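Below you'll find the structure I mean.
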Amino acid sequence: TTSGDDDGGDATTVRIGVADASAPYWKTYQDLAKQRLNVTVNLVNFSDYSQPNPALKEKQLELNQFQHIQYLANYNATSGDDLQPIGATAVYPLPLYSLKFKTPQELPAGAKVAIPNDAINQARGLLVLQAAGLVTLKGGGTAFSSTADVESKKVDVVTLDASQTAGALQAGSVAGAIVNNNYATSAKLPRDNAIFQDDPASASAAPYVNIFTARKADKDNATYLKLAELYHDPAVEKGVQEANGNVAVLRTVSAADLQALLTTVQDQAVAAGKK
Amino acid sequence: MSHVRLEHVTKSFTRGRNGDRVVALDDVSLEVAEGEVFGVIGHSGAGKSTLIRLINGLERPTSGRVHVGGREITALSERDQRGVRRDIGMIFQQFNLFRSRTVAGNVAYPLKVAGVAREERDRRVARLLDFVGLLDRAHDHPEQLSGGQKQRVGIARALATEPSLLLADEATSALDPKTTAEVLALLGRVNRELGVTIVLITHELDVIRAVANRVAVMEGGRIAESGTLYDVFARPKSAAAADFVRGALRDRPSPETLERLRRTHRGRIVTVAIRDQTGFQTALATTFLEHSVAAGIIFGGISELQERAVGSLTFELTGPDDGIGAALAALRADGVDVTEEN
Amino acid sequence: MDEFLTNLPVFREAIGQTFYIVLISVVAGGLLGLALGLVLYATRPGSLMANRFVYVVVNILVNLVRPIPFVIFLTAIQPLMLVAIGTTIGTDAVTFALSLAAAFAVSRIIEQNLLAVEPGVIEAARAAGARPLSILLTVVVPEALGPVILGYTFIFVGVVDMSAQAGLFGGGGLGDFAVTYGSQRYNWPVVYITVATIIVIVQAGQFLGNYLARKALRR
Amino acid sequence: MDEFLTNLPVFREAIGQTFYIVLISVVAGGLLGLALGLVLYATRPGSLMANRFVYVVVNILVNLVRPIPFVIFLTAIQPLMLVAIGTTIGTDAVTFALSLAAAFAVSRIIEQNLLAVEPGVIEAARAAGARPLSILLTVVVPEALGPVILGYTFIFVGVVDMSAQAGLFGGGGLGDFAVTYGSQRYNWPVVYITVATIIVIVQAGQFLGNYLARKALRR
Amino acid sequence: MSHVRLEHVTKSFTRGRNGDRVVALDDVSLEVAEGEVFGVIGHSGAGKSTLIRLINGLERPTSGRVHVGGREITALSERDQRGVRRDIGMIFQQFNLFRSRTVAGNVAYPLKVAGVAREERDRRVARLLDFVGLLDRAHDHPEQLSGGQKQRVGIARALATEPSLLLADEATSALDPKTTAEVLALLGRVNRELGVTIVLITHELDVIRAVANRVAVMEGGRIAESGTLYDVFARPKSAAAADFVRGALRDRPSPETLERLRRTHRGRIVTVAIRDQTGFQTALATTFLEHSVAAGIIFGGISELQERAVGSLTFELTGPDDGIGAALAALRADGVDVTEEN
């Protein structure tokens, strides 16, 4: 079996780059990997999303699990790499929260709405706001839109670090906020306060399915595929739901399908990059 | 009335790892009268600077009391000491000029502190700088000045506010004789005309002589002797004072000088003390002539101390041996202090 | 390059935000830091206004704040921020937080530089009967002016760097622009141009600082 | 609190990482920064080894690096990092980058503090026929030792703060722990305990620095 | 052979905003022979320190050349200058002690630079500190010393490597007469025994007198006059030298002193120059006696310069007016330099 570059032999160690190592389900996952697959999983936590992919490419990780297809496509397109998805985990809806208002329509004109500032979440957040009728985006918006593409707006969009939108909402600095699920759960934002969200089950949300990613050469590596599968062990899935306020829509998609989807989205990304 | 009074003041410093103590001042009591020029002399390390620094409270005594102008400065808070200090000018041994200020800015500083209005300040600064010969350097910074020029800035700064008490720590040590004389004349003038009390530390006799009324001789942190200028110099009682006076008056040849003198002078060499005796010279000459002794002055110094002459002259005596003996005996009988150098 | 041009308006805005954040932080933080630094210097044992209690308290306070991760610091002072400026996000919020952070850093720099001032000149000022505060401001600070100016320049550069974290809280600025429009999108031209702009701003500040320091030092 | 206890092993590891990152960065960055600072000081016009060219180049170089956002800086030096330590992520990578960043900051602090040294003592050393490098190391640095120690203390605190960004690159450490296990999860006990730990470390460093500086200054 | 030679050296400094120039040295040429003690005197700001700093290359001249020990130091790179400097000791006017080193560390520094081994270093440091009376302060730091103690450390440091050339800038200005005499005796000894060439800046006559062979008098950046000690002091040719000598010898009463003397002395006051004439005193006395004039010495000084007497005495003359007139005329006829003070 394959192993980390530096440690050969039987004892298999796999380094997985993640962005939420603090979530308890990873502990469950690591235990199971040891028991069932005799694989030692080393989690490497990144608080910056721009790093796990280059690190994987540089063979400093064997796998990473923090992104969705859309993010990976974007990365491959812009960096010229060819990283591949080998297993799906879940889709998370991206809801718009408000503490004072019940529907998007109630938001007064000029109210401040926070969205994440990283490229992918920002585009997705803007698409959510557009769907909610709060902004319109240039050319109808793409997975690459940024605040610069806002054509007309009812509300004032402010970008914050993804981890900060919930806090800004709670502090009363904004009237509404796009909050990623993990942060909503951590911030104990009541689910009821989600006044709008994209539909995780819809086909349009398909590119937002989160994935295990490997280097292309490793896309058929049995150990890695098993590790991806292990995510859907009931114990892990339960933990994932707990960590995400039961809003995760768990997905099992075959590696081949994921890779095909990636190709499509990546082509779109390349096209978007050229325009 | 006394302007400055020290009562049993002791000051010691800790030094080194094992906490050794240096006793810089050891039970010093002292009184400086209002309007007096008080000289403090003593060898290097005797405690002179420490003494002066206690007077304006830059240093607190380990024990004892210091009174300035009737107020016990050692009992005052730092805050109350400030009022006292505004009326005290200080010339530092190491100048302590502000590097961030120009020459004019240095002199203006105490005036600013005292709240003197701008025009008045400028006027006074110009006058003082003119006096110390640095008016054309008003806009230079201290590091552009020579040692003596720096000292002159320090003097001008200390005098700026026309304080009623001036503390001068070796105020002319870096100055040439001519400039020293000018500075001392100024000190004399402010003392006489404005009644400024001056405490003057120096190792130069001429400085003391030019202006001091009374002197204290320090030795190892104690005051070995104090009294009027004339008394201390003409008739030193303590070994320390005698020692210092000998070095300072330089009216008696040192052993080395004597040796050199002997090389060029074949006659007998005697030193006669001069103590303010009018007509004394005539008596001396007469005595020598009477005994057919030729006397040549080869060394000596007569200074004027508080309007009286003090010093000594060294003569080479040539003539018949018994004549010389008789002349010396006659002089001694007259009460003249004659020492034969050998 | 194309993408850079598309984002030109955002870039322009980012420059404006950076100037806003940096200038206010350096000035406000600089003044507050000067005050804190003077307290640290003046109250240390043996100094002009020696006060063990104040010294220990301020000393600890300054250390309380400096090492806290900026995200947490900003979160921690949110209540204060709400009172002071009514919001916890955006350019003003970041500026507020950065000013505080800069102040604590400045205070240490000031303390260091003032400590190098020769005791002799302070004695000269004391002998003139000057008040401690006046001595601090009109003697000690001017005597240390050269290094103090370089210290401020140092902080200026530090604030430009810290302002990159403004993006976390919607503060914008060039650092955020370089990251979100540049490195996060693997768009290197944007990164280069933006970083170059940052560097030009910093070099300009540094040259000014060096120039002023040289004038103050006269060597 | 419970959650804190669950994460105790991670916390322990984070402490270890922080010590590792901070100590190496302060020592390695400190030495490199000392060297750079000496170059800045010695080559400035009118100084011991005045050299306009070297001075301008190093001056600009130092400013090139300091203001670049840490994420971008770390990305930019990845090729260098691969050559030097064979990885671009993890504790070593962060330590490497922080050491460099600290070095550039240290250089400015050193420069500032050395500038306050009185020219007279340097002249005394020159008059004794000492070499410029020997004058720098055996006269100039010792004369500025008090402030220089405080400068290093300042950088130490700064490095502890910067080490919070280690998390960006999988470097771990207390700062990252406080953010990812604490503030991002709105888990305040974790934040408090972690920040308190950071502060204790920093206070200990500061007290040591103050103590040594006082010994060096003798006032 | 000449040890130090300056050829047409000019040094000017820029100052102020408008780029004014201070000419500190103006076309100075000078030669100091090997093994000589060369004194430099002059008023504050005359350019003395600047001159001495050019010799070891601490300052570069604006124009002109400086040779030390046969090498043109102005043509050497900083690197090559170092070799020359190792053989030059320098005592700074402002001491320039290393604050970061103890007293012993300061003295040891040049020895370290010269690569002297540890034990030898410790031995020499102890010997020097013992000599300057600071052995018990070896482990103190400069700020714990008095002004004179600091200066003594500077002296010990300059002598540490037993250099062949010693530059002393006001080396005794902070010292009391006794310590000064001790230091000068040491300088004399190193000069005689080790053949060390010494360039000595001072404003104190006694310092020059005690050790110098030749002197230069500086004035406004120029050398007003130079020659042997005796020539310059006994017969100054330039106004600058005369001016300085008058201030330094202090053998003639200043106007203020004269005024005071006049207050207590009713007779006519005359000052007679003394120039190394054996038996002169007898002649003087005889003349006065012959004319029934009583003469009292009220001021004066006779110094020994290079084994010859130089100075003057001020007499109060009492007696018949015509007798005094005749006596003075007789003295003048004899070639005696008599000035009536009025």
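Should a chain be cited, it is by its letter among A, B, C, D and E, assigned in written order, with residues numbered from 1 in that chain.
Keep in mind that, in the parts below, contacts are C-beta pairs under 8 Å (C-beta built on N, C-alpha and C of every residue); 3 or more make two chains touch, one makes a residue touch a chain.
What you are looking at is a predicted structure, and each value in this text was computed from that prediction instead of being measured.
Visitor: Figure out the least number of contact steps between chain A and chain B, where 1 means they touch directly.
Guide: Contact-graph shortest path, chain A to chain B, evaluates to 2.
Visitor: Under the document's definition of touching, what chains do chain A and chain E have as common neighbours?
Guide: Common contact partners of chain A and chain E, which must touch each of the two, are D.
Visitor: By mean C-alpha coordinates, which chain is most distant from chain E?
Guide: Chain centre farthest from chain E's centre: A.
Visitor: Once you find the CA centre of chain B and the CA centre of chain C, what distance in Å lies between them?
Guide: 53
Visitor: Using Cα averages as centroids, what's the distance between chain A and chain D in whole Å?
Guide: Going by mean C-alpha positions, chain A sits 35 Å from chain D.
Visitor: Can you check how far apart chain B and chain E are, centre to centre, with Cα atoms defining each centre and the answer in Å?
Guide: Averaging C-alpha atoms per chain gives centres 20 Å apart.
Visitor: Averaging over Cα atoms per chain, report the distance between chain C and chain E in Å.
Guide: About 54 Å, centre to centre.
Visitor: Do you know which chain E residues sit against two or more other chains?
Guide: As it turns out, chain E has residues touching two or more other chains at 94, 143.
Visitor: Which chain C residues reach two or more other chains?
Guide: 71, 75, 118-119, 179, 183 - these are the residues of chain C that touch more than one other chain.
Visitor: If I count partner chains per residue in chain A, which residues reach a count of at least 2?
Guide: Those would be 50, 163, 167.
Visitor: Could you please write down every pair of chains that are in touch?
Guide: A-C, A-D, B-C, B-E, C-D, D-E
Visitor: If we count contacts the way the header does, which residues on chain C are in touch with chain A in the complex?
Guide: Going through chain C, the ones touching chain A are 3, 6-7, 9-10, 71, 75, 78, 82, 87-90, 93, 167-170, 176, 179-181, 183-187.
Visitor: Give every residue of chain E touching chain B within the complex, in rising order.
Guide: 13, 15-17, 22, 41-45, 48-50, 93-94, 137, 139-140, 144-149, 151-152, 169-170, 173-181, 185, 203, 205-206, 243-244, 247-248, 250-251, 253-254, 256-257, 260-261, 263-265, 274, 277-282, 284-286, 288-289, 293-304, 307-309, 311, 313-316, 318
Visitor: Tell me, which parts of chain A touch chain C in their complex?
Guide: Contacts found on chain A: 49-50, 74-75, 78-79, 114, 117-119, 122, 146-148, 158-161, 163-164, 167-168, 171-174, 273.
Visitor: List the residues on chain C that touch chain D in their complex, please.
Guide: 46, 59-60, 63-64, 66-72, 75, 105, 108-109, 111-113, 115-116, 118-119, 144, 146-147, 150-151, 153-154, 157-158, 160-161, 164, 175, 178-179, 182-183, 191, 195, 198-199, 201-203, 206, 210, 213, 217, 219
Visitor: So in the complex, the part of chain B that touches chain C is made up of which residues?
Guide: Of all residues in chain B, those touching chain C are 56, 58, 78, 82-88, 90, 92, 94, 96-101, 109-110, 112-114, 141, 143, 157, 161.
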